[in-house]
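Read through the structures below before going on.
In the two complexes that follow, chain A is the common piece, with chain B as its partner first and chain C second.
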Partner chain A sequence: MPEGDATHPTAFEMAARQRAISVSEFFLKNRHLLGFDSQSKAVVTTVREAVDNALDACEEAGILPEIAVEISRRGAALRVAVEDNGPGIVEGQIGRIFGKLLYGSRFHKLSQSRGQQGMGISAAGMYGQLTTGLPMHIISRIAGEAQAAELHVSIDTSRNRPDIHRKRHLDWDRPHGTRVEVEIEGRYQRGPHSVESYLKQTAIANPHVTLALRDPDGVEIRFQRSVETLPPLPSEIRPHPHGVELGQLIQMLSDADARTLRQFLERAFSRVGRKTADAIIERASAGLSARSYPRRIAHAEATRLHRAIAGTRISGPRTDCLAPIGEERLLEGLRKEIDASFYTVLTRRPAVYRGNPFQVEVGLAHGKPGRPYLEADDGSTRRRKRRGDREQPAQAADLPGRSDEPVRLLRFANRVPLLYQQPACAITRAATQINWRSYGLRQPKGGLPLAPMVMLVHVASVWVPFTSESKEAVASYPEILRELKLGLQDCGRRLARYLRRDRALRLAEAQRSRIETYLPHVGIALQEILEIGDAERERTVAALDAVLRRQRKI
Partner chain B sequence: MTVQPANHGATDIDRRTLAVIESVARQVAAAIAAGELPEIALPRRGLANVRYDADKGYFELGEARKTRRLTAGTARIFAQTLRLMAVSRQLVADGDFATKREAYYVAKNWGVCRFGDQAESDAVMDDIEALASMYGLSREQLRFHPESHGGAVAGPLTVIDRGAVPGETIEIDCAALGSGAYSIPHSVEHLQFRTKARFILAIETGGMFQRLNNHRFWREANGILVELGGVPTRATRRFIRRLSDDCRLPVYCFTDCDPYGFANIYRTLKVGSGNAAHISPLFCVPKARFLGVTPKDIVDYDLGDATHPLSRVDEKRARDALANDPFFRRHRRWVAAIESLLKMGVRAEQQALAKWGLNYVIEKYLPRKLADRRSFLP
Partner chain C sequence: MPEGDATHPTAFEMAARQRAISVSEFFLKNRHLLGFDSQSKAVVTTVREAVDNALDACEEAGILPEIAVEISRRGAALRVAVEDNGPGIVEGQIGRIFGKLLYGSRFHKLSQSRGQQGMGISAAGMYGQLTTGLPMHIISRIAGEAQAAELHVSIDTSRNRPDIHRKRHLDWDRPHGTRVEVEIEGRYQRGPHSVESYLKQTAIANPHVTLALRDPDGVEIRFQRSVETLPPLPSEIRPHPHGVELGQLIQMLSDADARTLRQFLERAFSRVGRKTADAIIERASAGLSARSYPRRIAHAEATRLHRAIAGTRISGPRTDCLAPIGEERLLEGLRKEIDASFYTVLTRRPAVYRGNPFQVEVGLAHGKPGRPYLEADDGSTRRRKRRGDREQPAQAADLPGRSDEPVRLLRFANRVPLLYQQPACAITRAATQINWRSYGLRQPKGGLPLAPMVMLVHVASVWVPFTSESKEAVASYPEILRELKLGLQDCGRRLARYLRRDRALRLAEAQRSRIETYLPHVGIALQEILEIGDAERERTVAALDAVLRRQRKI
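What follows is the complex of A and B.
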């Protein structure tokens, strides 16, 4: 493993970028914003935050991620343990990473990564602390160090400070990696909003990851990687001027190291050179000049500056900072985890919303091999199917579903599955606004199409606009909706082509079997009339079958 | 179309029936052996393929054929057609018969091939019948018999029927049945006749037949009485046809004086119907003439006060005959007769003659009509 090489920062370097941001008490009172609003959701959120962190750390360090999730019962509570083979965490930072909200390496840079705010894992710890009174238990070992560090960390919620209870060194059989254990009040459930579902979807979008799950009943599930190389690491970019809010601009100005406004604009933003900077300053006019000292710029001037930025033509943001899953990997992920008879994937070209580059990817997996699928079912067949349903309740992990059910929509943002708030999501909106009937699917008014199909949609961006901090639904910016629809429609056209071919084949097959049921009767009639033997009858029927086969070219 | 030769042997017809069925089966088998899709050519039975042959004097199926080729869409009906032919063949071989209903139930044993309802089996049967009619064979010869038997017969006629034992014959004297009468069986192909009568009188109603039979009208007139009972059944039509052919007897038709009597009863007896044109060559009686009651009789016999006004259905039927029926349109006397009936706006039943006394029909009307055959309508 290339730990500590030139391209990947070491744990120490990563630690250097981590800073304190804000307070924690607010979130204690508003825990639903972070995804801890129900007992079952709390379990999924905890796993998700830990796994996302682990994946980001592994990938950044150039390690093929191998992550084990164990959930066990501890009396009335659940213990969630997530262990990775990542680079490990520098001992001095462990407390702050896990015991301080909004502490992370992600917030201050613009690059596509799973975590964004540095909130998740410490929020999980805080939730555990709140519901069970127990601190988080962390073991971490950095490659090359003789022993692992073991800490118990709780959060001083009033001061947003880590509280380290016990700290010791121990022998650990892993060469490097981190294990996080948190005990929370929670309920382990199965179905579409389950840990298993989250891990399976993660495995689909990240075919280079191996995930293992051991649930409270001791059942083990493993999602094995099928790609042995890491995806390209997204590069970091400076923000694009058009994507910056006023408050953010004021913050940036007050934090600026630059000595002049022109210098600030050139350094802090991408796509701003001397000419563009001057154009902005000239447009902002009164009270501001190229030599204004950024830290001294008052609120009123900042407002004018912000308006000036919006009014200035600036070339679009760079898009090479995005790292989509890629069509090859996406297809691999779908094939690996979903048994279907038709797959199609598409990676759209990058686009921009409010100065932020983003990219949409779509994948469809349709039908189940060996299970006949006929859209043109007559009523009786459908009724029969429905009777069958009652005996066999729908399994959420059943991907794809049945032909009379809505498609299974799998939403991803920066490779992270979005399990909750499907109706509020831009992806759902795009998928329901498309007329799938023109692609050969049934679709109730204003709903998802009905088909045995998995519809995967991935939005990659340096800054995915979520509707809330719990990162469960993508906000509906018109630019994003447009890209989503174009991607879905493109895949829909391919699906329609497949369905037409498939339907024609099945129709021919149905006709063929229809003929076959009557051929023996032609044989019997000829035998009776011409008084031929059984052998000759068989020969005649076989010959007739051959004639029909030749005529119909089946 | 060949007309049935007189005095054929029953076995001879059966041999021809078997030959037709077997030749169709052999063609199918040959096509399969040659690596082609087998097909059966059937006459089209639609009205578009029905025309009135003035020379022969009946409705006839045209040359249009439909080809029943074995494909996905026709596999079922193709198999059913062949299997029903196999049933027919077995019936002929066994000397047995099946009614249409029975044939429908026989097919219940065919598994996926069975008929859903009798309409389905009747349609296939009609196809086979049309096919057989191309070779001068009727459905009765295929051994599919109608449900309804024929009408009653009385008069100087001896019907020679099969006995229970092959070779044995039974002779029925239709003049020796008292106040009863001989009932025409479902199938009449095997019957033979002996008679010295001069004509056949086909009578619309059972009541009139009874009256003429009870008073032995046939003895003085030397004619054979046949009860039609409304529109004649297949058996009655075929019986009259065979009797008139074999014994070279003219046929006179005696019905009510109304459009139903002309266009439905008499027209069907004489020239057939569009619906069943495929059986016309065997079932029509082209030499039948219309004795009465004619519209002119209403005047001649002063029946004006024994009539009823024409109903709207009657009028429609009459106008339809004038406008569309090629048989009536061809005969000016019929056109004139129907037009005069429409003008009078009345209809007269056979029984209207009872106005002059119950036996007026025997003593005056029929003798006078039979004495002047030129008054018959064509």
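What follows is the complex of A and C.
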């Protein structure tokens, strides 16, 4: 038996090898979980994390965001710099914000924000450190302070703690804001998975934001805001009692400051007033009263209390914790960035999954089906059409695409575009499970419909359940899937009406042109039969034309 | 500007809200990342984490594993118990192993094992705690100790530390081993995503293991080992220099104990002897010598050193860190659990991704295409055939499936079956990107081939890159994808040969039976024409039959 020979260790030897793993070490080794699995994706992820943080900070501070992204070559590496006009960061926090994973202000609160994990920007720094060995470079100035703070920060990965290399104060022409620079091993690419595409989609979902990009070749692109007011700031909520699990309730009870159970219920949860609290307590019955001391409630009573909560009618969660884009702004964003002939947008009412409020928005932008470059064609003519089919040079990804291509699906979570892992996302799942044929589109089995169309879907929530830390796809909770489908179907019906009307219009147009071709001949025939003069003939033809047009309502 | 009004906080107010997030809190909120996103999956994940740990411990200690899984109902919850005959766990370590995320012995070493993250079993405990409020219950005894230790452990999630509730010593009839019990909110289900399916597939990839299951209805299933020896214990290796990134090299240099650069290179890396070390140092040139003190090497020199490493020829990584199943055992496992008429297995030579050795194994088991229940049919007859198409009651998932269904893909990583997230896995990607039509199978575009076949694929590595912490799918590193395809294609060619031979055989069989039907008539005709007697006729027919059979080589 296990005596511990040359090859096999004893239980004691095995115990001696057990060690704690720092969260930074873990993610350094698993960097693909954070979106750093390829050199091109690393660039997009770095930009996204920095821009998301900048947007969150600006909006929270009530500032209309203006963000500049600059990417430049530094030897074999790329330098990514993101500068914002935000409120700036207090000097003492800079180290931990950029040099520690799992550190942030948004994890512990229930309200909609782009960042939620406290990992992204530190992960970008860690990736830079891993691939180039250089620390992050941060400049930040708070409004009213005479100078900006400049720090060089890296992560001590074995302890998940910031290492601050240099710190000084300097003059900066910005009155307030933050600039982050990180050098990474990366590849700058164009196309649907590009920095440009991320920024363009960010502009669509955030029409109050101005974004500027300078790429490694010096090309500059600017996405100018079309709306001059900030979206309302989502408020923070307490958890809804129906979303709380037994073990969580037990933990909350044992941590409670409240002196009585009634007080605990009122304070810890949203939507629980005195009346609801009493109803819950009464239902839980034996051994529990409004005056029970929360910290002394035993497991069996807590189980009853949990069951009582589930059985009590409580109003749905407050939803001012959510800030959807809104139909008006969504339409604005779509019109500004996408050239199409039909637009429809929809903001659904908030719903709840596992106690978390969320809200779905859908927008469709359908290209002009009559335009030749959007028509389906076979392989033989594809090349020619590809070359000449745009009036303007293609920017990032073509939006919308061709009519024989799958629709362009733009996915957003809390206003952030999701560029990767489309197949793993609940949004894709919902879009492919709908029968689009009934709305007049072609659709391969199990796939997205084929149409010159952009399909935009936004999920806003106090806690978006992502399928990985890289925040690229939404997990398929049934409640979320259901809302997504309802939203898409509603927009699908509107699209179907448009397509029917459009088809009827085009048919009428074709008939009209046929009439225009033949009407003169009819006129000549009539002239011969009725033996009338030229003037009479022309009057008759004009009258006929008018009647026919009225009938077709052109 | 940001003065801090009623709604908008100042930078200072924002700073005050920044907080560290414990890794347990993070995964508690993101429990779907660890495989606890649905009640049925939670049961499978709990069993898997406990069984994987048991197998790792037994094999490391040189014990043939015998593992019992019992799942029983406890009110609305399920109790999952897993008991092994392993070496036991030293009492002082039990708390941290079961009550702390990111704690283990396998993360920091490069060798193949099932566990690698130090999260799984603690995550199962945390899920139990969240949903039922109860701590884990652990009994463990080390060989030679008079009694077993019994502990009740939960996680203090806000600090990621174990809470030990009760601890005592008791008599236990096992001489050594560990028993883990956890009560969770869960749903026990059957089918392809079931505990039974996980155990059956584990038995296929681990024919040296005996597994027993008792399900909530008291049904008992036993998978008995078919091999009486343990697989070789994989050895631990140092990193290969070609897999080390610049930042990592800089970190290693600054942590180095070695007094000289040459010593550092020899000690820190595998495959670097004195000669290779000197070649690297010479190539790095200016400012660096064999005697340079590692901790004083500056960034510019380290960059040159890193480039020199990349430019130096170094033998490939050692591969005794890998323990593939092996062709013989793989075949054994397939034959034992799957009833088919053609089997082929293949263990490819080790390869390397990002410095990590890995190895791909493939096995195919093709059902009997001549058997009627496996033939393709149209929808109209499906129902009838479905009902009567099995000689034996279906166990877990039917293996293989029907000939008009996609092949059953069994994915394994380090001998652990992967049951979920099939679409996201590199194995699936490789299997769908191959043109199976050229091997004689039908295949829908972009899908798995249709055949009554089991396709088993195993990826073994010192570090399997999973797409999430729940370890359900392998990330698509190009080197891994390439090896997977080569292995599948090789097996595909063997399958094609079998299918051609089988088709020829069935054709000959059909012709032979036609001959058997008509030969007597031929005999009678001949008898009339040649005017011969009955005996002569029978001799002639027999002779003809023999000649025809020889020609067809039946």
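Please note the rule applied: the second predicted complex is superposed on the first by the 389 of 554 C-alpha atoms of A that agree within 3 Å, B and C clash if a C-alpha of one lies under 4 Å from a C-alpha of the other, contacts with A are read in each partner's own complex, and residues count from 1 in each chain.
Heads up, the rule we're going with is that a residue touches a chain if its C-beta (ideal position, glycine included) is under 8 Å from a C-beta of that chain, and two chains touch if they have at least 3 such contacts.
Quick caveat: nothing in here was measured; it's all calculated off a predicted structure.
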{"item": "Partner chain(s) touched by A:Glu528 [first = chain B, second = chain C, both, neither]", "value": "first"}
{"item": "Touching partner for A:Arg512 - first (chain B), second (chain C), both, neither", "value": "first"}
{"item": "Which superposed partner A:Arg313 touches (first chain B, second chain C, both, neither)", "value": "neither"}
{"item": "Partner chain(s) touched by A:Lys275 [first = chain B, second = chain C, both, neither]", "value": "neither"}
{"item": "Touching partner for A:Met14 - first (chain B), second (chain C), both, neither", "value": "second"}
{"item": "Which superposed partner A:Asn30 touches (first chain B, second chain C, both, neither)", "value": "second"}
{"item": "Which superposed partner A:Ala57 touches (first chain B, second chain C, both, neither)", "value": "second"}
{"item": "Broader residue contact with chain A after superposition on the shared chain, chain B or chain C", "value": "C"}
{"item": "Which superposed partner A:Val547 touches (first chain B, second chain C, both, neither)", "value": "first"}
{"item": "Residues of chain A at both interfaces, chain B in one complex, chain C in the other", "value": "none"}
{"item": "Footprint of chain B on chain A - complex, ascending", "value": "511-512, 514-515, 517-519, 521-522, 524-526, 528-530, 540, 543-544, 546-548, 550-552"}
{"item": "Complex contact set, residues of chain B against chain A", "value": "21-22, 25-26, 28-29, 32-33, 35-38, 70-72, 75-76, 78-80, 82-83, 85-86, 89-90, 110-113"}
{"item": "Interface residues, chain C side, partner chain A - complex", "value": "1-3, 5, 7-12, 14-15, 17-23, 25-26, 29-30, 32-33, 37, 57, 60-63, 87-90, 92-93, 96-97, 100, 102-105, 107-109, 117-118, 128-134, 142-143, 157, 175-176, 185, 233, 245-251, 299, 302-303, 421, 423-424, 463, 465-469, 475"}
